[in-house]
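The following pair of complexes shares a single chain, chain A, combined with chain B in the former and chain C in the latter.
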Partner chain A sequence: MPYKTLTDLKNALEQKSISSRELMTQALTRIETLNPKLNAFISVNAEMAFKAADKADQLRAQKNHAELPPLLGLPIAHKDLFCTDGIKTSCGSKMLDNFIAPYDATVVRKCAEAGLISLGKTNMDEFAMGSSTENSYYGPTRNPWNTDYVPGGSSGGSAAAVAAGLVPVSTGSDTGGSIRQPAALCGITGLKPSYGRISRYGMVAFASSLDQGGPFARSAEDIAWLMNAMAGFDPRDSTSLDVPVPDYTADLEKSIQGLRIGLPKEYFNHSLAPSMQKIIDEALKTLEKLGAQLVEISLPHSDLAISSYYVIAPAECSSNLSRYDGVRFGYRCENPQDLNDLYSRSRGEGFGAEVKRRILIGTYVLSAGYYDAYYLQAQKVRHLIKDDFDQAFRKVDVIAAPSTPTPAFKIGEKAADPVTMYQCDIYTLALNLAGLPGLSMPVGFIEGLPVGLQLMGNYLEESRILNMAHQYQKNTDWHLQHPKDL
Partner chain B sequence: MSTNNDWEAVIGLEVHVQLATKAKIFSGASTQYGAEPNRQACAVDLGFPGVLPVLNREVVTMAIRLGLGINAQIAPRSIFARKNYFYPDLPKGYQITQFELPIVQQGHLPIVMDDGRELSIGITRAHLEEDAGKSLHEAFHQMTGIDLNRAGVPLLEIVSEPELRSSAEAVAYLKTLHALVCYLEICDGNLQEGSFRCDANVSVRKKGDPKLGTRTETKNVNSFRFVERAIDYEIARQIQVLESGGKIIQETRLYDAEKNETRSMRSKENANDYRYFPDPDLLPLEVSPEWIAEVAKDLPELPWQKRQRFEKEYALSAYDANVLSSQKTLGHYFEETVKASQASAKLCANWVMGDLLAALNKNNLALDNSPISAKSLGELLTQIANETISGKIAKTVFELMWTSKTSAKEIIDREGLVQNNDTGALEKIIDSILSDNPKQLAEYREGKDRLFGYFVGEVMKQTRGKANPNQVNTILKEKLSAE
Partner chain C sequence: MSSIDVKNIAYLARIAMPPQELADTEQKLQQIFALIDHLQAQDTRNIEPMAHPLALAQRSLPDVVTESDQRDKFQALAPATELGCYLVPIVIE
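After this line comes the complex of A and B, so read on.
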């Protein structure tokens, strides 16, 4: 039962072979057993989950399922940066260890409206800054495939929770790879939607022009169900897109015959380890067998993505995180002597090292005399990167690349060297700069650790990459693998 | 030693106009003034994690109204930026404002001075922004209270070119701008509640010098009188510093109304680096030609249009026309008075600007609450025009109307105040006065002209003011000059 897909569990509920309360009981028992080992959850809300499950079961008994919310009674977990009314939202930070929002994030509300029941909030790198979930005030999350290894980050808790079968689905956020990278490292499927497709309201901001919420699941089909629940215009987010939402399950069964897959030569070069290359090649061969054509393309400005990203993201972060000042909510230092002391100690004691590093970088690049050389320049590069993708998508339907340069690394291995850590996201950052959708799905293993393939789509073409991923998963079983010793 | 006449002041004004919307600029919270602290601040105003700003379109419409009012360019695309600085009453740690691309650019405000001199003052820009909250230092021992009711209230900051040359010009500019925003109904114009706040940039230079001197910025001067005083003080201070061989430091200064002085708040070296950058939470603001046309459709008559019309239509002096057009309600009252009366427009103007405004001021009443309506005043002035009563008697009638709220006609009838226009009777009275005062008569005839007034007074006394003053003048002159 723990490794069943959302779609399987949905069918089981509809056939009444299991109740929502039973699902919650199983999930909560598993969380109770495994969370001490994995540290995937920051908080668990058993009582509220049971209450909601009983209500769902009641509703299901009264009505036939055409009238019911599509995902009624199914469990989910939310990354701890989605605000939840009445439940702590820590963002993995001491700064917000005491913060309880008086509102639900739109993503949380929409999931609830689709019938999903939240079991709790998952661990993450502090304020979503990191690639390993080691930067959490609540300690690192461990990779379910090998607990000496990181699950990736920043949405490491959400990815590990699905990989370990604690919940069938979860939410994450992706600013530079924070959904796709942990999905790859944990051997599950994760989607970063197009910028503006999912409301950012109530999702604690890291870098507003790059942040995008999205789902984790065991399969592309499950992702499609979650996208149906999460996507859509929100009048409370001016950057959310006011266009109709398709049924993301509608195109899943389409043939991928004739679809062109672009392989950017900048992503398949000598820096990719042969062991990784081999697995990616096999996956591409499978897609070819299913009728897709492989086309070499170029994204010429790829090498500039990381430097552009590490100007823009910190700049926005330095401003977004100014509100944590010890005045209205969150951590406040003991006995502040004056205003400056209140600010410097509340922020000095409340934020971790990586957050401070990025605030400093961001403050620097926005400062008078540096703005033009850094921030404006980075924005220009961002346009070039976007243009690269625009050009490429005139020739191909989907772009494929590795999700990460390597499988999971050991806890502590890269913690001391931020730049090496930043390199983890070289294959994912550009997509955030361009605002495009990208999915990672498992396509093999190296020494027992999962490897992910990334499928990138043109703007708002989530359906197309979900279609391709689903066709791949129908013909392979990598996504059905799960850790054996949990 | 040079004198003040060798110097020229250069003044530019930044005015923060609080826009009269019901809701805040980026949230749905109320903008109502005077609520208990923090009762009108929602999660967006408090800068809670995850919340996002959503632009209130009404503030854009109001900015367009102003832009059209000053004949400015309305930017088809303007950008909201973040101005980053830490202060406890600034919840997000940044203020959302417009920096590089403001919504209103390059306008003009026509002003008229008391001596009739007309100027056109350039307006560099007007941009939309959110207000901060308030820090309350008095009520808390060793602590500061924060009231965020004002946080997120919409402001339009209107920045003039440095084209004003005296405090008088600055005040004329402010009064005209104040009249404009009230006419446009984009601001309640309440200076006490801070709906119209002014910062003054002042520098001085030797006359004829093309280069601008170093300027200071005097913050938050909240009445026209204080603006005048603060600018005058600052001009005098700067001249004194320069004449004694000193240098002006570019700094922000605060006006202290009680001591009538400005003092240094912070120098440029200590100024914040605001790290402006486009707010990624808000899309560029796009204003279509259709939107502008829609707003232009219901633009009211503007203060200076009204002033010019009053001069032409009612043959008023520039001064009178300027005073009467300074408030929409006052202009309206004046026109209603003229409409209701057979008296001349000039007489109506004199009474509205003189007796009526004086009585309102004395009783601390707004024009809307005047016990005498424009129609009633018009009827009173008709009585002067058709010589039923004299202007002097009319003042008595006005006072009675003010307290009793009865019509002029009723009071005149009841009190028997009708003017006596019977020349025969008047001649008899004058004859008897002249014969009763032979000494004064002789003196007058020897050239003491001012005794004329003495005789007028005697006539009025005997007729209890009811004699027609024009007749009195004519008959007296006749009889006094006759040997």
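After this line comes the complex of A and C, so read on.
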């Protein structure tokens, strides 16, 4: 049962071969056994989950499938940056270790309305800043494929929870690759939707023009179900798109015959190890066999994505995180001498090293004298990067690339060198700058560690990349692999 | 970035840092800025800055009260409150 897809479990519930309470019991038992080893969860809500499961079972006994919420009684876990009424939302930080949100994030509310039952909150890099989940106040999460290795980040807890079969699906957020990179490193499927597709209301802000919530699952089909639950307009988010939401399961079975896949030459000659290249090439050959056409394209400003991102994201972070001042909520230092001491020590003691570095970078690039040279220049380069994608999508339907330059690395290997860590997201950052959707799916292994292929789509074309991923997964079994020794 | 810069930025950002942390942070920021400085080589004349992926206009809302008063609930999260106010060290004697 632990490695069943959401779709399998949904069918089992509908056929009444298992109850929601039984599903919760199995999942919670597995969490109890494995979480001490993996540290994927920060908090677990067994009591609330059982209560909701009993309610779901009662409802199912009384009504037909058609009358019930589509994902009734199925388990999910939320990244610990989605606010949950009455349950701690720490964002992986000492700053919010005592924070219990007074409301639910829209994503949490919508998942609950679709019938999903939250089992708890998952570990993450502090304030979603990191690529390994080592920057958490609650300690690192471990990769279920090999616990000496990182699961990626920042949504590492959510990815590890699905990969280890603790839950079939989970939520994450992606500001520069924080869904796609951990999905790749943990051998599961993860989608970063188009900017504005999913409400950011109640999702703790890191960089507001880049942040986007999205789902993790064992298959593209499950991601489509999650997207049906999560996507849609929200008047509480001023950047939420007021456009109709398609049924993301509707196009899954379409043929991909004739679809053009762009291969950016800048992504295939840049520090990509031959072993990675080989696996990516095999996956592309499979897509070609299914009828897709491979076309070389160019994204000429790709090499500027990382420097542009590390100006824009910290600038927005320094502004967003100014709210943590020890006054209204969150950590407050002991015995402040004056107001400035209260602010400075609360922030100095409450934030971890990486968060502080990014706030300082942001403060610097926004300060008088440096604004034009850094912030404005980065925003202009962002425009060039967006134009590159616009040009490319005139020629192709989907762009494919590796999700990461390497498989998972060892815990501690890159922790002391932020620049090396930043390079982990070299293939994912540009998409956030452009606001486009991207998916990572497992396509092979190197020395027992998973490798991901990234499929990028044009704006609001999640259905097209889900269709391509689903067709690939129908013809391969990489997504059905799971760790053997858990 | 000199050490004075880092100290000043930390002050501007209201982040207290002991000297050892300041030194370590300065060294790491130097490395990060070496990466970021790559930007300067790009010619961006006549390119508009892009602040946001969507060309959205801010929505207007009807000028009516939509939220209820939840002050007590929100202030339950605060480190220190009194009579509906947040308590901080004395600013004006």
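Quick note on the criterion: the second predicted complex is superposed on the first by the 485 of 486 C-alpha atoms of A that agree within 3 Å, B and C clash if a C-alpha of one lies under 4 Å from a C-alpha of the other, contacts with A are read in each partner's own complex, and residues count from 1 in each chain.
As a convention for this text, a contact is a pair of C-beta atoms (placed from the backbone, for glycine too) under 8 Å apart; a residue touches a chain by one contact, two chains touch by 3 or more.
The structure presented is a predicted model; accordingly, all values stated were derived computationally and were not measured.
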A:D325 touches, of chain B and chain C: first, second, both or neither? both
Chain B versus chain C as contact partner of A:L480, first or second or both or neither: neither
Partner chain(s) touched by A:G202 [first = chain B, second = chain C, both, neither]: first
Which of chain B and chain C A:T239 touches, first, second, both or neither: both
First (chain B), second (chain C), both or neither touched by A:A250: neither
Which superposed partner A:A368 touches (first chain B, second chain C, both, neither): first
When both partners are placed on the shared chain, which of chain B and chain C touches more of chain A: C
Contact residues of chain A, present in both the chain B and the chain C interface: 99, 102, 209, 235, 238-239, 318, 325, 327-329, 339, 343, 363, 367
Touching residues (chain side chain A, partner chain C) in the complex: 99-100, 102, 195-196, 209, 235, 238-239, 241, 301, 303-304, 306-308, 310-311, 318, 325-329, 332, 336-345, 347-349, 351, 353, 356-357, 359-361, 363-365, 367, 373-374, 376-384, 386, 417-419, 422, 433-436
For the chain C and chain A complex, residues of the former touching the latter: 1, 5-6, 9-17, 21, 25, 28-29, 31-40, 42, 44, 47-54, 56, 58-59, 61, 70, 73-74, 76-80, 86, 88-91
Chain B contact footprint on chain A (complex, rising order): 81-83, 89, 91, 96, 99, 101-103, 105, 200-205, 207-209, 235-239, 315-316, 318-319, 321-323, 325, 327-329, 339, 343, 363, 366-368, 371, 375
Contacting residues of chain B [partner chain A, same complex]: 43, 46-55, 82, 84, 86, 88, 91-94, 144, 146, 273, 275-277, 280-283
